[in-house]
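Each chain carries a letter (A, B, C, D, E and F) given by its place in the written order, and its residues are counted from 1.
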Amino acid sequence: MSRIDGRNHDELRPVKFTRNYTKQAQGSVLIEMGDTKVICTAMIEDKVPPFLKNTGKGWITAEYSMLPSSTQSRKIRESSRGKIDGRTQEIQRLIGRALRSIVDLDTMGEKTIWIDCDVIQADGGTRTASITGAFVALVDAVNILMENGTLQKWPLKSFVSAVSVGIVDGKPLLDLRYEEDSKAKVDMNIVMTDQGEFIEVQGTGEEAPFSKNDLMELLALGEKGNAELIKMQKLVLGELADKLQNIREE
Amino acid sequence: MSRIDGRNHDELRPVKFTRNYTKQAQGSVLIEMGDTKVICTAMIEDKVPPFLKNTGKGWITAEYSMLPSSTQSRKIRESSRGKIDGRTQEIQRLIGRALRSIVDLDTMGEKTIWIDCDVIQADGGTRTASITGAFVALVDAVNILMENGTLQKWPLKSFVSAVSVGIVDGKPLLDLRYEEDSKAKVDMNIVMTDQGEFIEVQGTGEEAPFSKNDLMELLALGEKGNAELIKMQKLVLGELADKLQNIREE
Amino acid sequence: MSRIDGRNHDELRPVKFTRNYTKQAQGSVLIEMGDTKVICTAMIEDKVPPFLKNTGKGWITAEYSMLPSSTQSRKIRESSRGKIDGRTQEIQRLIGRALRSIVDLDTMGEKTIWIDCDVIQADGGTRTASITGAFVALVDAVNILMENGTLQKWPLKSFVSAVSVGIVDGKPLLDLRYEEDSKAKVDMNIVMTDQGEFIEVQGTGEEAPFSKNDLMELLALGEKGNAELIKMQKLVLGELADKLQNIREE
Amino acid sequence: MSRIDGRNHDELRPVKFTRNYTKQAQGSVLIEMGDTKVICTAMIEDKVPPFLKNTGKGWITAEYSMLPSSTQSRKIRESSRGKIDGRTQEIQRLIGRALRSIVDLDTMGEKTIWIDCDVIQADGGTRTASITGAFVALVDAVNILMENGTLQKWPLKSFVSAVSVGIVDGKPLLDLRYEEDSKAKVDMNIVMTDQGEFIEVQGTGEEAPFSKNDLMELLALGEKGNAELIKMQKLVLGELADKLQNIREE
Amino acid sequence: MSRIDGRNHDELRPVKFTRNYTKQAQGSVLIEMGDTKVICTAMIEDKVPPFLKNTGKGWITAEYSMLPSSTQSRKIRESSRGKIDGRTQEIQRLIGRALRSIVDLDTMGEKTIWIDCDVIQADGGTRTASITGAFVALVDAVNILMENGTLQKWPLKSFVSAVSVGIVDGKPLLDLRYEEDSKAKVDMNIVMTDQGEFIEVQGTGEEAPFSKNDLMELLALGEKGNAELIKMQKLVLGELADKLQNIREE
Amino acid sequence: MSRIDGRNHDELRPVKFTRNYTKQAQGSVLIEMGDTKVICTAMIEDKVPPFLKNTGKGWITAEYSMLPSSTQSRKIRESSRGKIDGRTQEIQRLIGRALRSIVDLDTMGEKTIWIDCDVIQADGGTRTASITGAFVALVDAVNILMENGTLQKWPLKSFVSAVSVGIVDGKPLLDLRYEEDSKAKVDMNIVMTDQGEFIEVQGTGEEAPFSKNDLMELLALGEKGNAELIKMQKLVLGELADKLQNIREE
């Protein structure tokens, strides 16, 4: 049985990164995974949240939002409702944790890097695309701190990417589109480093419980997908990717 | 004295419209006026606000927002603050009024067209660019209603565009960039139709009052700018622009 | 064609200022323009908003509200809704800008003057009446700062007043009552100084665009109305008006 | 020991009712008790809250607010804070209960009477003045329903008034001014009918407990004050007061 | 006529205090009055609200909440509504005032004691049970401050308890259950000290006014009920109760 | 290396269920896992959310809250802040999903079962204890619907329980206490059925990525813990557990 867009079960959609997509943020990347498009930016602020004041440590925090026009039936703005819904909160907490996990906050100095992921078109996998794209924006922002001498040492410990997997019609699939996602019995988001380690594993079988065997297959798909995404991040980062790797190996 | 980007005092920045910028909305346009970039979309909803129920009339409403990364120092999300600030409210009310003024709401049927203007990069004139871009998105959305037979008659009565003008260092200028805008003593937004009539004139001399003569010069600049913008709207709308004009002349 | 209350097209309603209307505020004025009645007060606070701290500058800010019983069908309190609606925000921003424009904030010291405009009865033109009345309250409050020696120099640069004009049944009218306002195709608020300069011009043709000629006629009415209002402000301020003028002429 | 304004311990301040103070509400009264001034209005709405739908019963609800300029240091608007504070809620619940207690809601039909009490100048006793003034506004509003034939029978069962009493410097006092109130060890609000019955008794000894004897003295003062206030309500209501009494006696 | 649970008109329900009900708070008491069950805790925080900074004084503040499952039809959480309703505000202000009235805040040092009253099962009289239980938790918390030497002197001036009384079917009753409370024409909460003095008297006759004689009978029932409750507080506090009394007598 | 409370690395804390803990809810259970204590209730409401109207389907939704006194430093109420924080939203979404996953919503009829989990004492693992306890309350509530004939068929498809696991000082541990949790590099919540299938797996390595091997060890601990918890649920449910199992096997 082939997928709606003819992909194999373990095949990613076409991925494209556009660096320097807008000019105000220190890092600004448009990531496209098929029809899912997210503007990921990284902006540096010279202060930290209250709980980090006078610790010398830095912080990374993320916000996520969908444009009202990003979905087929218009999504009401959270500013109009006056509150951020649970799904958004879950996603921005996930993005923030994922990026903090690969940064040495201790050597960043008292700075906050704000990650903003704004979905301009949604077709499944927006939260995982956000993480994958935001990492590239983060590297660009940190590079500015390196180049202008604010930082002496790259505070990034790994690459990080994320991908969704799920079981649709009994079959494990990599990188679900919206149409697949809405039929999935099990849905999992997997965040990994370039060393093949896990940062976050979130699997939910709301419609039906899943067996340990299912879980193993999904993890394997996630490992494959993330390995490919990180390869693409390295490609698009070019020299910066090399720098990052060299420094780590020292 | 020349302007920071070498333009004449009565010269617009380069303007670019990208139609069908995203795929979910019925109309979706990226408008660029120099470095100001706004995604303008029009989405059709098959119901109207309570005050129009059972009247057979339609409605057009607009929302405006700036991405946090659209400005040099990160703009806090209104959803995080839990409320929409006064400036945003003013702007979205202006956009809504401008578009409603050129639509025959009586013949639209009980539908709402949602206009969303999301600024992805800001360099002055975002509210006027929003109006100019949103009109093009609106035409595309209405065209779908014409093509699928929902509407029998074009409900659009005019083209509409908007431009900012102001007095900077004593000199009237057309289409202010952010740097100019922040030094302007007088600031005016002018919304006009293709018949050269005014829909909205909003001039403010917070820093210094302005004379009637100043006012006349600013209006003249606004007339010139809007005439050029509407010419560009016609160009980008092509056949649709012709249809619109023919119908009006009948 | 005569108006509902028999006025000429260029005639103001009867205007009445009651100074010292309440006792707690430094300036407190009841302004009546026909049946529109607004309590305008000015209160001095010995601090400034954060963005002005340690600049030595002062600030003027305005709030506007309508009593629930001021309108024919009861207006729901904004405190009950939990938010300030867009119209109110627009109006209080307008009042604030208008008053700041004629004050030399640099010489005021780090003080905020709070202007409150509370409409106790509404019959059209509440925002323009608020500006005209608030100016008188502001003069009284500033006078206290002069008399007790806090200020050495009058920081007021001009008188300021405001009036509404509009086109009703094709005819330009000065100072619209509610019944006229609700039928107006074009609606404009004009804020001016006693030197005949403009501070704010806000014209809207939501129902129908207006020609440049219409605009000129409306501006002329606004000039006439404001000149008369400022004459009345001078009358009611008596000696204080003279002081203000003398100082300016020095 | 005499009081700051020379009154006896059991003496009310000068009381003044101005009926028809504004024109939009069905009942509109300015009550002045010394320097405390409250606009009390009653507006009729042709629907009831959800819990009364299809019961044939009516409802009375009250809202209370202080103008920012009513107090010596400016009171921040509750609409600006985005919420109604505890004190305001307590007061508007008290006013609503007091008025509902003397109305036969069963014979009112499915109508809500909105009572609004807006303090324009505060000098102690604003909540009790609100009740006393609101009753007069309520009578005027109900009278309209009687006169236009909506109601066949007066639904008012009693007159109602309220007054504050307290112990200041060890001495029980009637009708406290702000300066007295802020020094009071015990503070009590007493709401009564013209038959000398109690509707509400709220006594608080936050600063110091009070004895049963204190309580008795305060109740006696409250009875005296309310009897006088109701006499004044009858005077100002004139014929309407007679009607009300006759009907009750039938 | 006997009561639903066979009690005499002047009889309390069975009362039970469980001290140290949970382990995190400095004082933690489960109070049961019949089927009404409230967890009352006292937690010490080493700072005071802004208005007490640098005064050397302490503060006591209370919060009250009902679990959604405490009432027969599920009570919507106030956090879900986004605001605290009027009844809750009234109750927590009452609890706070009651406890502050018997504490010498001047000798407490700059500390806040947070009183939390969380109703886990409601059957009438939750606010009065909260006060009675919270006092015991407060004593335990203060005792910790005495034992660890933070305080040198007991800052508690009296015992405090509270009870509800009301008139049901024309008969004054002590300690109303929910079923009685919902039929009561008059409802009164009485807060008293162990010296037989009143701290708060709140009586409401929303359904029907009450006579002075009714009031006297209700006060007598309240005195009886509070005397019994304070006896039980002393019993459960044991040695601590003695300490408290001895110190006061010195 | 032994754990702070002497447990083995794969040992649960003492678990205790108290059924019928309060009387108003249809199901009410106090679950204690060591010092973590949560009141879990299930209440039946005869309506469904709008998206299920007229579908014949039922719904289960969960809310979670911590009493201010449940944690060592007092937790500010979400009702006081006016919003529900991200963590709470995440948890209540998790509890809701977990319970819905084992219920046949199609055969429930148009009913909502409200699950409330209120933490009265917190020592780690409150969200997993909530799920484990809430399941027992849910069975009791559903049993009432069976007994009164509202339901003809048990809609429960499995037992469900949850447990936390984590890596502390390099060692995988089952059922973390707060002190362990705050030192854990990896933290995972595992929700399972009595058939040994997974409903939710949420693992986070914010402090450090984890290997596939770590993941396997944690899953094994989770399987062991959940098997034991479900055994205890069966014990406490007694006959009801048998009924549930019999029906499933038919």
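To be clear about the criterion, a contact is a pair of C-beta atoms (placed from the backbone, for glycine too) under 8 Å apart; a residue touches a chain by one contact, two chains touch by 3 or more.
Treat the numbers as computed from the prediction; the structure is a model and nothing was measured.
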item	value
Length of the shortest touching-chain route, subunit B through to subunit C	1
Rounded Å distance between subunit E and subunit F, as computed from the means of their C-alpha atoms	34
Whole-Å gap between the CA centroids of subunit C and subunit F	60
Distance between the centres, which are taken as Cα means, of subunit F and subunit D, whole angstrom	52
Per-residue multi-chain contacts in subunit C, two or more chains	82-83
Running round the ring (origin subunit C, first step to subunit D), the chains in order	C, D, E, F, A, B
Of subunit C, residues touching subunit D in the complex	22-25, 28, 35, 37, 39, 41, 43, 45, 63, 65, 67-72, 74, 77-84, 114, 116, 118, 120-122
Subunit F residues touching subunit A - in the complex, by the definition given at the top	83, 85-87, 89-90, 92-93, 97, 100-102, 158, 188, 192-193, 195-212, 215, 219
